[in-house]
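Alright, structures below, take your time with them.
In the two assemblies presented below, chain A is common to both, partnered first by chain B and then by chain C.
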Partner chain A sequence: MNKALRSPWTYALFLLPVIVLYILFFIYPMFAAFIKGFTNWNGVEAARFNGLNNFEKAITDDKFWSAVKNNAYFILFSVVVQVPAIVFFSLLISNVKKLKGLYKTAVFVPSVMSTAVIGILWSFIYEPDIGLFNLILMKLGLQPVMWLSDPNWAMFSILITNAWQWTGFYIVMVLAAILSIPREIDEAAIVDGAGSFMRATRITVPLITPIISVVIMLSIAGAMKAADIVIIMTRGGPGGATDVMSTYMIKYGITNIKYGYGNAIAVLIFVFTLILTALYQLLIARRIERVEYS
Partner chain B sequence: MTMTVRSVQKSISHIILLIYVIVILYPFLFVLFSSVKSDNQAIASNPFGFPSSFHFENYYEAWVNAKISVYFLNSLYIATLCSIATIVFAAMASFAITRMRFWKLSKGMYQFILIGMLIPSNALLLPIFIMLMDAGILDTHLALIIPYTAGAIPLNVIILSAFMRSIPSELEEAAVMDGLSAKGVFAKIIFPLTIPALVTVFILNFIGNWNEFLLANFFISTDELRTLPVGMVGFRDTYNTNYAQMSAGIVYSVVPVMIIYAVLQKQIIEGLTAGSIKG
Partner chain C sequence: MRKSLLLIVLSVILVATTAISSVGAATKSITIKVRHTQLGESKQQRLNILNDVLKKVQKEVPGVQFKLDGVDSDVNRKEKLRSEMVINNPPPIFDLFGGSDTQLYVQAGRLLDLTPILKELGLQNKFISLGEFTVNGKVYGLPIGGYQEGYFYNKEYFKAKNLKIPQTLEDLEKLADSIKKDGKTPFAQASKAAWVPLMAANTLWARYAGPDISAGFSTGKTKWNSPEMVAAFNKYADWVKKGYFKEGELGLEYAEQRNQLIRGEAAMMYDGSWASSVFADPKQAGDLTNKIGYFPMPKVSNGKGSQTAVNGGFSNGYGFSAKVKKDKKQMAVIKSFIKNMYNDEMQIRGLEADGVLPSMKVDAGKLAKAKVSDLVKEIIAVGNKSSGAFPAFDSLVQPDVNTALSEGIQKLIGGKITAKAMLDGVQKVQAEANSADD
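Coming up: the complex of A and B.
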C-alpha cells in the first residue's frame, strides 16, 4: 500500500530544485562569507589568509562603530517610539465602530509601496527650498532645516521616514490580535464597571503582549536589515553620518572592491543579528511567556 | 450622561485617527498636485493647494525621459516569473516533505530549510554578488531572476507545508488506490487543493520582488535592464531639479500598486502580515 508515495526518485526529483537553489543562495554564501572574511582578497590577486586583520580593522574603525550606532538608533526608535504608537493606534481603531475598515486600509498603504518610491517621496518632503517641511517651518517663521544634508538631522529624518512606512503594517498586525480577543472578556469588564482606559491597560494590552513581542522581534530584524532606505535617501552621507552596517559593507565590499574586508563585515552583521535575537529571546521573550502563564 | 462621555470619547478617537490617516495619505496627494504644476516655482508658491493650471505634459515628459515604460515592463516580467517559479518549486518540495512517506528525512529537510529564516539576508549580498560575477551573469536579468526565486524559498516552503499538512490523508490514499502515481497525486489532488495558500504566497512574493531594491541596484548596471525602483531613484538623481516632472514619475510607479491594493487589499494585508509572523 502507498507504494506511489514511497518512490525515492520522485521524492528526490520534487526536492531537487529547492535544495539546489537553497544551498546555492543561502548555505554556500554563508560559508563563503566566513571563509573570505579572513582573507585580504581584493578581486585582483588570489585571496590570502590574513587571520583576524579584517576584524581588527573593523573594530578600530570609528566609521564602523558609527554604522553600528545607527543600527542601534533604528532599533531604539522602533522600540521606544514606534511600538507605543502602534499599540495606541491599534487600541483606538479597535474601539471605534465606524470607519474601522477605512483606517485599516489607509494605514497599511505605505507597507505595499516600494522603499524606493517612499524614499524619493520623502526626499521631496525634506527638500530644503520647496519641500513640505521647510515650507511649513518658514510659514511659522522658523529657520529652515537641511534635513538630509545636516549630519545632526539626517539620521533622524531617515528614522521618521522608516517609521512612517512601517508603523501601519504593525498596527494592522496588532489590531488583528486585539480583534481576536473574545468579546465576553471585555463585556464582563464593562459589567464590572471598568472604563475604557482601564480595560485597555488591564485586559487588552496584557493579552496582546505575545504579538507586541513579535513586533519588537520583527523590528530588530528589520533594523539590522535596513540599507535600501539609507542608500536611497542619503547614500550613507553626509560624510558617513547615516551609514548602517549593511551600507558600510556595500561601500567596501562592492563599491571599493575590498571583498575580503566586505565579507568580514558580512560576518559581523550575521553575528550581531544572531546575538541580538538570542539575547532578546532569552531575556525578554521568555519572561513575557512566563507572565502570561502565571 | 454616560452616553455623552462615550460619544465624546469616540469623537476624539476619530479625530486622532483621521489626523494619522492624513499624515499617511497627504504626501501622496502633495505629489499628485505637484505633478501637474508648471515648475518648482509653482510648487513653492502654493505648496498645499490645488494646482491653478494643469500641466499634464509633465506625464508625457516623465514617460519619455524617465523610460518608465522600460523599467515597468522589466519589473513586471521579472517579478511575475520569479514569483511563479518559487511557488512551483516550493509546492513540489512541500508536497515531498508533508505527503510522501519519508518522514524522518523530510523532518531533517524541513529543519534544514528553516535555518534560512535565521540568516540575515544582507549578510549574503556580497557573497552572492561575487558568485554571480564568477558565473558571468552579473548585469543580466538572470542575476535577479535566480536570487529572487531562491530568496523566497524558505518562507514559501514554511507556509505551503503548513497548509498541506492540514489536508486529510484519506484523499490521496483513495487516489493511490485508484492507481495515481506520486506525481499524479501532486498535480491532480494536492496542488489544486493548495490554491488558496498559493495565491497568498504569490502575492507575498510578487510584492517583495516588485519592490526589491538592493540586489537590483548593485547587480544591474545597464540602464535598459533596470527595474522600476532602481530606475525611479536614477530618475530622481538625474532630474532632481524638476520636481513637477519627478512627481509625475512617482505617480506612475504608485498608481499600479494602488490599483492592485484596492482590488486585493484583503489578500495583500493577510498575506503580508501572516508572512512576516511566520518568518
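Coming up: the complex of A and C.
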C-alpha cells in the first residue's frame, strides 16, 4: 500500500474541505443563532443580552403554540393519512403487470415540481367560485367550502396539497423496497396457499417496515421545517391560522425586526426537532429497523 | 530559424494581449444590482421607465452594467431587504419605503445620505415632500411618485342603475345595499395580504377618529382601543357581516380584487392611485377600459377632524447603500441615476404612462399639457379638493404593531374576533413596542 495512504493525515486532508464547509454553514450558524437567541437585537444595531426573555416570551405566546400545533398536524397527517396511503398505493403499483413505469412516473412528477408551482396550481383548485373542488361540491348540491380563507379549513387544505406533493416521492422509495424482496418468499407463501391480501399484510408490509420507518422519519423532519407551501398558499393566514413554527419565526423575527427573538424561535425549532427525532429513534425506529430475510 | 520565428510570434501575441488587457483594466467595468419591485403586467410601464433611466446612466458612466433584481414589494420590504440590512449587504440601489423603515436603517448607518447629492444636482427644493425619507434633517431616499387612496367604481354600472357618488357614509352603505340586492359584490377585495383590507380601514378610522390619530399611536398620545377606533372597526365588521365583500376573499391575492371589478362581479374597489394604469390598458381592463371612476371615502357624521383628508403621501421610492460612498465610480452611477430618474420628463412620463402622481414640483405648464386619462384627472381633482393628506399608518407605527393589526383585521373579516378585542390586543402590542423604544 502507498505510504501516503497509510498516514491518517492524508485522510484528514481529504476530509478538511467538507469539515470546513460543515463548520461554516452548519456549526457556526447554529452557535451564532443560539447566542443571538439570548439577546434583544433588531438586526442592524448592537445586540443586548436579555437572558431568557425571548424564550419566556415564546413559550407564553399563544400564537407560538398555535404554530407548534400546526406543525403537529403536519406530522399527524403524514403518519396517520399519508403513510398508509403510500403503502397502499405502493402495493397496488407493485402488483400491476403493465405500465408500471408510467404509474411510477405519474406519481413521482409532483415531487419534482417546485413548491411555488404546486401552491399556485392548488390555489386554483381551491378557488371559491370556479375551483375544481367547489364546482364538484356544488354539482353534488353541497355548500361550497372556503378552503383557504376559512380558518377551520385552511390548514387542512395545505396538508392535502403537501401530501399530494410528497406522496409520490415516498411511493417510489417504498416501491423499491417492495420490489427488492426476494421473490422466493412470495412464491413460498403462494405455495402455502396465502391469498393476495394475506401476502401483502403478513409478508410484504412486515418486510418493508424499515423503509416505512425511514419515510416516517423524513416526514417528521419535513413537517418540522415546512414553510414554503404555507407562505405560498396562505402566508400563514387568515389571521395566523396556518402559521407553522418557521413562518412564525419569519413573521415575528424578520418582519417585526426582532432578530434576537427570531433566533430564539430557531433554537426552539431545533430543540423540538431533536427531541422528536430522538424519541422516535429510541422508542419506535430501533425496534423495527432490524428485519432480516431469514 | 523556425524556432526563433515561433518565439517572435509568441512574444508579439504576449505583448499584444497584455496591452489589450491593460486597456480593458483602464475602463474597468462594474456591475451594479438594482432591486426593484416592478413585477407583472400592471407595472410594466414603470419597469420600462427604470430601464430607460439605466440606459441613460450607462451612457453617462462608461463601463457600468446593471443587474435587475425584481422582488415582490411586500417581500422586499418585510423580508429580503431587512435580511440584507442585517448582514450589511443591501444592493447599491434598492426600492425603499419611508417612515419607520428608513429611520431604522438610518440609525444603523446603512443608507447613503443624499443631501449633498441633491444640493449638487440642484434638486433640494424640487420635491413636494421628502418628510418620510428625512431623518435629523438629512435625506436618505427619494419618492418615485405620490399616491392617494379612494374608491374606484364601475361608471357604466353606476349610470345604468342610476347610482350616485356617495357624499356620506350612510350614502355609501345605501349604495352597497342596492348593489348587493342586484346580485353583485359591492366592494371588490382580496385580503390574503392584510395591507389590502387595511387601506380602506385606515381611511375609515381617520374619518371616525381624525386623520392625525395614527401619528399618536407610537408616542402613546392616542390609543388603538379608543371609542372612535372601535366604532370604525365595528363599522368594518358590519360591512363584512352584510356581505359587502366576496365570500372567501381572505384567500385571494391582491391582483384578484381588480379582476373582481374588471369582470363586473363587483361595483366598487378601495385601492391606491397606482391601480389606475390597469384601467387604461385594454389588455388588462378589457371592456372596462377607461370606464372606471374614482371618489374619496365619504364623510362620517359626527366624525372627528377633517372629513375630506385623503390617505396619501410620498412613501415609496429609491434608497442607496451607504457602502457606495467609498467607491467613486459607484457614486457617479448613483448621481447619474438620481439625475435621470428624478426630473420633469420622467415625472410626466410616469403620470402619463402609469398614472403615478408626481412627487416633484413639475412645471405647471408641462403638467397641464400632460396626456392623462380621465381617471387620473379625477384622482388629482379629489386630491385638490381634500383638506390635506395623511400618511398610511404603517409608516408611523412599529412593525410589531403592523403585524398585530394585520392578523387582527383578517380575524375580524373571518368573524373570529370582535373589533374591541382586536383593538385591545393591538394596543397591548403598541404599549409594549413603545416601552421597548424608550
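One rule holds in what follows: the second predicted complex is superposed on the first by the 265 of 294 C-alpha atoms of A that agree within 3 Å, B and C clash if a C-alpha of one lies under 4 Å from a C-alpha of the other, contacts with A are read in each partner's own complex, and residues count from 1 in each chain.
Convention: a residue touches a chain if its C-beta (ideal position, glycine included) is under 8 Å from a C-beta of that chain, and two chains touch if they have at least 3 such contacts.
All of these numbers come straight from a predicted model, not from anything done at the bench.
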Query raised in the report: Are chain B and chain C a fit on chain A, or do they clash, once the structures share the same frame?
Result: clash
Requested in this report: Using the superposition on chain A described above, determine whether A:254 touches chain B (first), chain C (second), both, or neither.
Outcome: both
Query raised in the report: Between chain B (first) and chain C (second), which, if any, makes contact with A:42: first, second, both or neither?
Result: second
Query - Touching partner for A:59 - first (chain B), second (chain C), both, neither - result: neither
Requested in this report: Could you say whether A:275 touches chain B, chain C, both of them, or neither, answering first, second, both or neither?
Outcome: neither
**Report entry** Which superposed partner A:142 touches (first chain B, second chain C, both, neither)
**Finding:** neither
Query - Comparing the two partners chain B and chain C, which touches a greater set of residues in chain A - result: B
Query raised in the report: Counting only touches as set out at the top, which of chain B and chain C does A:169 meet: first, second, both, neither?
Result: first
Report task. Classify the contacts of A:185 with the two partner chains as first (chain B alone), second (chain C alone), both, or neither. Result -> neither
Requested in this report: Return first, second, both or neither, reflecting whether A:151 touches chain B, chain C, both chains, or no partner chain.
Outcome: second
Query raised in the report: Taking the two structures together, which residues of chain A meet both chain B and chain C?
Result: 123, 129, 250, 254, 259
Report summary line: Listed in rising order, chain B residues that touch chain A in their complex are 9-10, 13-14, 16-17, 20-21, 23-25, 27-28, 30-31, 34, 40, 43-44, 47, 89-90, 92-93, 95-97, 99-102, 109, 112-113, 115-116, 118-131, 146-147, 149-151, 153-154, 157, 172-173, 176, 180-186, 207, 210-211, 213-214, 217-218, 228-230, 232-233, 236, 243, 246-247, 250, 253-254, 257-258, 261, 265, 268-269, 272-273, 276-277
Query raised in the report: Across the complex, what residues on chain A touch chain C?
Result: 42-45, 63, 123, 126, 128-129, 144, 146-151, 154, 234-235, 237-241, 250-252, 254-259
**Report entry** Of chain A, residues touching chain B in the complex
**Finding:** 1-8, 10-11, 14-15, 17-19, 21-22, 24-30, 32-33, 36, 89, 92-93, 95-99, 102-117, 119-125, 127, 129-130, 132, 135, 164, 168-169, 172-173, 176, 196, 214, 218, 221, 224-225, 227-228, 231-232, 245-246, 249-250, 253-254, 259, 262-263, 266-267, 269-270, 273-274, 277
**Report entry** Touching residues (chain side chain C, partner chain A) in the complex
**Finding:** 78-79, 82-83, 85-86, 88, 104-105, 107-108, 110, 191-194, 246-253, 399-400, 403, 407-408, 410-411, 413-414, 416-417
